[in-house]
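Read from first to last, the chains carry the letters A, B, C, D and E; within each, the first residue is number 1.
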Amino acid sequence: MIGIVSYLVFFASIVLILGIIALGLNLQWGYTGLFNAGIVGFYAVGAYAHAILTAAPRPELIGNFGLPWIVGVAGAMAATALAAWAVGWATIRLRGDYLAISTFGIAVSIQLVTLNWEALTGGSQGLSAIPRPLFGWFQTPFGFNLWFFGLLVAITATVYWGLERILRAPWGRVLKAIREDETAAEALGKSPRAFRLQAFVLGSTLMGLAGALYVSFIGFVSPFDFMPILTFQIWAMVIVGGSGNNRGALLGALVVWAIWSASGVAITKLVPPAHAAQGGAVQVILIGLLLLLALLLRPRGLIGEESVVSRHANDPDPLGKS
Amino acid sequence: MLQVRQVVKSFGRMNAVDGADFAVPQGSITGLIGPNGAGKTTLFNLIAGSLIPDSGTIVFDGQRIDGLTPDRVFHRGLARTFQIPRPFPKMTVLENAMLAPTRQAGEVFWSNWLRPGLVAAQEKANRDRAVEVLGFCGLGSKLSELAGNLSGGQQKLLELARVLMNEPRMILLDEPAAGVNPTLMETLVDKIVALNRRGITFLLIEHNMDLVMRICRPIVVMAQGKVIFEGEAEAVQRDARVLDAYLGDLPA
Amino acid sequence: MSAPLLSSRGVVAGYVPGLPIVHGVSAHVAAGEVVTIIGPNGAGKSTFLKALVGLVPTTDGTVLLRDRDVAGLPTSEIVAAGLGFVPQTGNVFTTLTIHENLTVGGHTVSRAALARGVERAYAMFPALAAKRNERARVLSGGQRQMLAIARALMTDPAVLLLDEPTAGLSPKVVGEVFADLRQLATSGVAVLMVEQNARAALRLSDRGYVLAEGRNRFEGQAADLLADRAVAEAFIGVRHGGAEGH
Amino acid sequence: AAQQPSCPVKIGGVLPLTGSMGPITTKIAQAAQLAVEHINQGGGVKGCPVELILRDDQGQPTVGVDAAKYLVEVERVPAITGTVSSGVTGPIIASVTAPSKVVQISCCSTASAFTLDGRSQGYFFRTLPTSKTQAYATASEMARRGLKKTAIIYVNTDFGVDMTKFVKLALPKLGGDIVAEVPYNDNQPSYRAEVTKALAAKPESLLLVGFPKDAVTIVREWLSLGGSQKIALNNSMRVMDFVNGVGPKFLNESFGMDNAQVAGPTVDAFNKSFQEKYKTDSAGPGVHTQYDAVMVLGLAMNIAKDLSGPAIKDAVRQVHAAGGAQVGTGPEEFKKAVQLIKDGKPIKYFGATGPIEFDANGDVTGPALVWKIQNGEIVTDRVISIEDMQALFKKVEG
Amino acid sequence: MPELSFLLAQVPQAVADGVLTGAIVALGAIGVSFGLQILRFANFAHSELLTWGAYLALVVVAFAGPGTPIGPLSFGWQLIAAMLLAALLTGGLAFAMDLVIFRRLRAKNANPLSMVFAGFGAALVMRNVVVLLWGPGTYFYTNELQIAVEVLPGVRMLPDQIFILGFTFAVVVLLHLYLRYSRTGMAMRAMAESPALALACGVKVENVVRWTWFLSGALAAMAGVFLGLSPQLHPEMGFNLLLSLFAAAILGGAGSLVGAVVGGLLVGLAENLPILVISPGYKAAMPFLLLMLVLFVRPQGLFGERS
């Protein structure tokens, strides 16, 4: 029983980390219409920044400063924000598919840098001696996981609250307007560039935060953590959950990740060991089918977009709805 | 108020605006008419900053505004509507209007964290004003409808409501009457006239001659990118070039 | 006058199931007739026209086109059966050239008929002929309107539905379009249009309907509607009679 | 055995059954299953049959970590075997097996960091020798064959990078010269660019370090563009898929290296039973080492006083105890081993890859063999004994 | 850093490699471009159509054999026949995909992103069904190994690749004419812009959509067969090309056929030229860096139109 709880806590922690990325993407796509296909790149920047700042020193590597966890998290967010600002500055004027493919390319480039710049990133070996916050205080991995889960809940709740504050407000309204019709928003005096850039940097910073949380949870980072598939998974979460809705993004993270890992359990239970290899294929087919089914049954996601952005616009109608 | 001087804009080999030159007197409702394809909308785009002139200058309130981005022009106090309406389709009518006011504290994202009280107060005032303006434009029953679901004419009204949210110093209206029910249009005309009395200058493109003749002083006529006439309403209907190019034999 | 080419009875239609916009509208138009529908913004006029061509699902009522019930048929079949339609918004293909717009408009007709149709369109709107190989995106608002009408005529429809055909057209072109529509009617086409330029449209028309809140409110001979004080006040605008000035 | 475990005894497995490693993993998974079968026919663990619960990591770290966590927490396995990609193995060690004190034995992950930096707390082992052994052996064979001007094309992973690093260290000292060094990223549709770049320096031979699927493309492009047929290959290419893919007639002058696979009776026995069971030969990356990984677990679990992680960890080093009686592969040998263990006698396991002896880090070292292609078959050319290897290490590292 | 003259000597071969490897990308990118232009979404399952095309042709080749090589080529007419048959079948498969998935989404007015991710789901399914049917291993159409001919001093090319380049060129010209001048072609473009208006013109929109899917599938199959010729088939063959396909389609300007082809060739060049001076470890990023450079100067792609 404790085993199942322990696994669920672990599982939920991963969901929350992915959920934070999904919230970042939802800010960019759901509210602003920015097609960021380079999620994994910003996630990687955050993860590596954190690892380089906090990991125990090793003579052959630049970095690995052994700084405290919180410095690592702050540094990771700052580094990602900076990277996102630079990327955004160059690409934010591109629309739709073009922005997507550019950010995708940037993510590929970042991943290749982590793979090839050995002196900084440890190359394909990765960085391993990454401390976990207060790990020493706990006797069992379960104790640590439980504490870290609590930490994640607090961080996710803060992020969620912070996002709702700014999104269900005039700022979020402008983002949505820009998403709907940039020209018209500009004609009303809103600078699309400035707002898009803000949303892009803010969303990417959340991805960097998630990266820092991920490495300080797992304690190891390597270039293989940042393959494009993760970007697709996050997208699937936002789409399945319902873009333009923060609760949808979090729910999507849960549902998609549950599909991804539960299908593995199901296959192990159902497929005889001799056919394990085919079982793997069946699992992926199952994932694909579930994704399709979700989209076919709820094309707008599990929780749809709300039509009213500002929470202030919802106050009792002074004219009594007429 | 607004001076357009020798402005040229070409698309490829064609000069859509070809040395247009006229002025909009402060406090006027200036009419801009001319045959289809004369370059009127293009001229609006040039004034509002959506397009950059190839040559010539545009001066608003003593300062050059050609080359500024649309949002900058807007902040100078010059607002415009679109001939083909551009609502934010997946936002409600109310929020379409609430979006319009400039300098909202809540548009700076950290203010929503740091000064929630101020934002809430502004939003409340903003909402009340939006309800009022929308009600005036005949959209009072559509406040929580998605703007994309409005009928063609309703979208035009929304377009107008959005600019009215700000009380800018000058408004460019591109065919406000096209597709709007005449009875409703009359109330809108009253509103335009009332706003004008309060000091807002209008430049108005319209093909509805009744409307133009009734409220526009002076009238500018464009054809093939050039200004072919600038003067009072009565004179327009007697001008041979205008009759030939624009009015045909229709005017009442 | 001859039997109606197009007639609708009790048409109920809407965009979202269970939320009709048009609540049982009946109208008819015969060969050689020009009929105008007027009404306030949001009355459901466009929705009604779209329901007639099958672009909006009808949940009740009949639509007879040459005695054939076409309600519920796919749009392509209704068009092939002789209905032409000019929508109010998005009425040209902006990424196609003028010429291609016309060709697509004549998608269902033979090559010879297509060539004839294109010639006729350019004769009707010389402004278009000059720009035949340009993309429709560059057209001004009025030029688009012309193209949309020309395109709808490509199939030689028996009945032509127009949604605010003169919105955005200059007075001179409005006059020409109305004259052309009259001419079309004379040649045997049934013309049914929605217009906000109500006075001018009714002057040209044989009969008229007033729609409000998705229902028939008034109908009758165009001249009678024009003369009706109540109709004028509510839907046509009383002050529009002439240039009264301030 | 102090207490009776609940039957069956579970072992966890994490392997990339799908994804880009999927093709080579099929056989690896089969080898693992075969080992489980042999263990069970040989008496199981402490009288219980063994059950291998195999999960797919899809080559994705998060998926692999989740699978491992599930195995450890929900299935409560005391030991895990896996996985292939170092990028997945690393996070599993760091976040699942080491903190939970669960033994992990990998068939295939080479990254040196895992066993060196102390993070695994001794819970991680691998049954394949470090890249160093293979690299030095390759360099010496190249020198022996007089390959002077060589281009290296290597896969840009920890394995390829390590191999190249050590070959570069060794070859000059043995009298060879590397004229081009070209990394490649796997799973690309074409490698013309890499090949062209390698050919530019007009090399007389090629050393290719990688995996079969991409290697087929690379070698064919290399040959098409006029590259030399003198090609040195790493262990992964010792599969017929590769040989047939390129075409055996083009590989007459090629040779390859493999770890520790001394041609011995225990190796032959494994090859034979694999062939019988799966109707296909056992050659392939990770197949032998995976079998050994599971067999070692089976033996260690029998030796361990209970089935806790720490006990198994300590027992792993006793599967090849000094002065022990030699036991080999297959059910009969396993039965023999179990009996020896019951009798409290030490054992010395010789596996599908020869003697399996873990050093202080949890790594194995061993002899190497050179293989080549003859009449369309992969045959062993010669064996480099442990003694020769040690001499080689001295020569290179001084 | 190698010296300049040495570098310059490598350029012609690298250019030739780039153009020739780019030809397959170009052929595949046409379908992607079709998807972007006419079906209005980025179809991630397109790469799986390449894979399926290749495997379906393999089935035919398994019966008929690859045939005696024609001239310097490595394959015979049987393979070409197999390719055409596979094109038909794959077209049908694409059609079926539309029927069971995308048509339903369209009917529900799903947003384009739902379509994209449905494509992604379909890709997972299709890729792994290949694994189930044919196993995870590799296959070959022919065991012949072509030796490159030296067409210019220092420039070697494979006859197969020259054939592929020529074939791609022919297909593009035909398609371009078809889209530009045939009435179905115009209807396709009209539908791309506004299905409702196309309906009002009497266009049977659903038929046009199906026809577009069929064409995309058929083109993908041809690209897939060529990909399989160089040199092997495996379940991820199409997937590995996916990014290049999208880079090419977008580089050229989404929606432009000629653009897709030029984009494909440029992607080939971008993979081959820069690594003369930088580490091939960064090769995968090169097409994207080129893409970003192009988009920085021309945000609408090379042949795209400003909107």
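Operating definition for what follows: a contact is a pair of C-beta atoms (placed from the backbone, for glycine too) under 8 Å apart; a residue touches a chain by one contact, two chains touch by 3 or more.
Quick caveat, the model's predicted, so the values are computed rather than measured.
Taking each chain's centre as the mean of its CA atoms, D is the chain most distant from chain C.
More C-beta pairs in contact connect the chains of A-B than those of the other pair, out of D-E and A-B.
Rounded to a whole number, the gap between the C-alpha centres of chain C and chain E is 44 angstrom. Per-chain CA centroids place chain B at a distance of 74 Å from chain D. Separating the CA-averaged centres of chain A and chain D is a span of 35 Å. Touching of two or more other chains is recorded for no residue of chain B. The set of chain D residues that touch two or more partner chains comprises 18, 22, 26, 156, 183, 185. Chain pairs that touch one another, listed by label: A-B, A-D, A-E, B-C, C-E, D-E.
Contact residues on chain A toward chain E in their complex (touch as defined above): 29, 90-91, 93-95, 97-98, 100-102, 104-106, 108-109, 112, 115-116, 228, 232, 235-236, 239-240, 243, 277-278, 281-282, 284-285, 287-292, 295-296, 299-300. Chain E makes touch with chain A in their complex at residues 36, 42, 101, 104-105, 108-111, 113-114, 117-118, 120-125, 127-129, 131-132, 136, 243, 246-247, 250, 254, 279, 281-282, 284-285, 287-289, 291-292, 295-296, 299-301. Interface residues of chain D facing chain A in the complex, by the touch rule stated above, are 17-18, 22, 25-26, 29, 33, 36, 52-56, 58-63, 65-67, 69-70, 73-74, 76, 85-88, 90-91, 93-96, 99-100, 111-114, 117, 119, 156-158, 161, 183, 185. For chain B in complex with chain C, the residues that touch the partner chain are 11, 33-38, 40-41, 83-84, 138, 142, 149-154, 156-157, 175, 178-186, 207-210, 213-215, 233, 245-252. Across the complex, chain D is touched by residues 6, 9-10, 13-14, 17-18, 20-21, 24, 128, 131, 135-138, 140, 143, 145-148, 156, 158, 227, 230-232, 234-237, 240-241, 244, 271-272, 275-276, 279-281, 283-284 of chain E.
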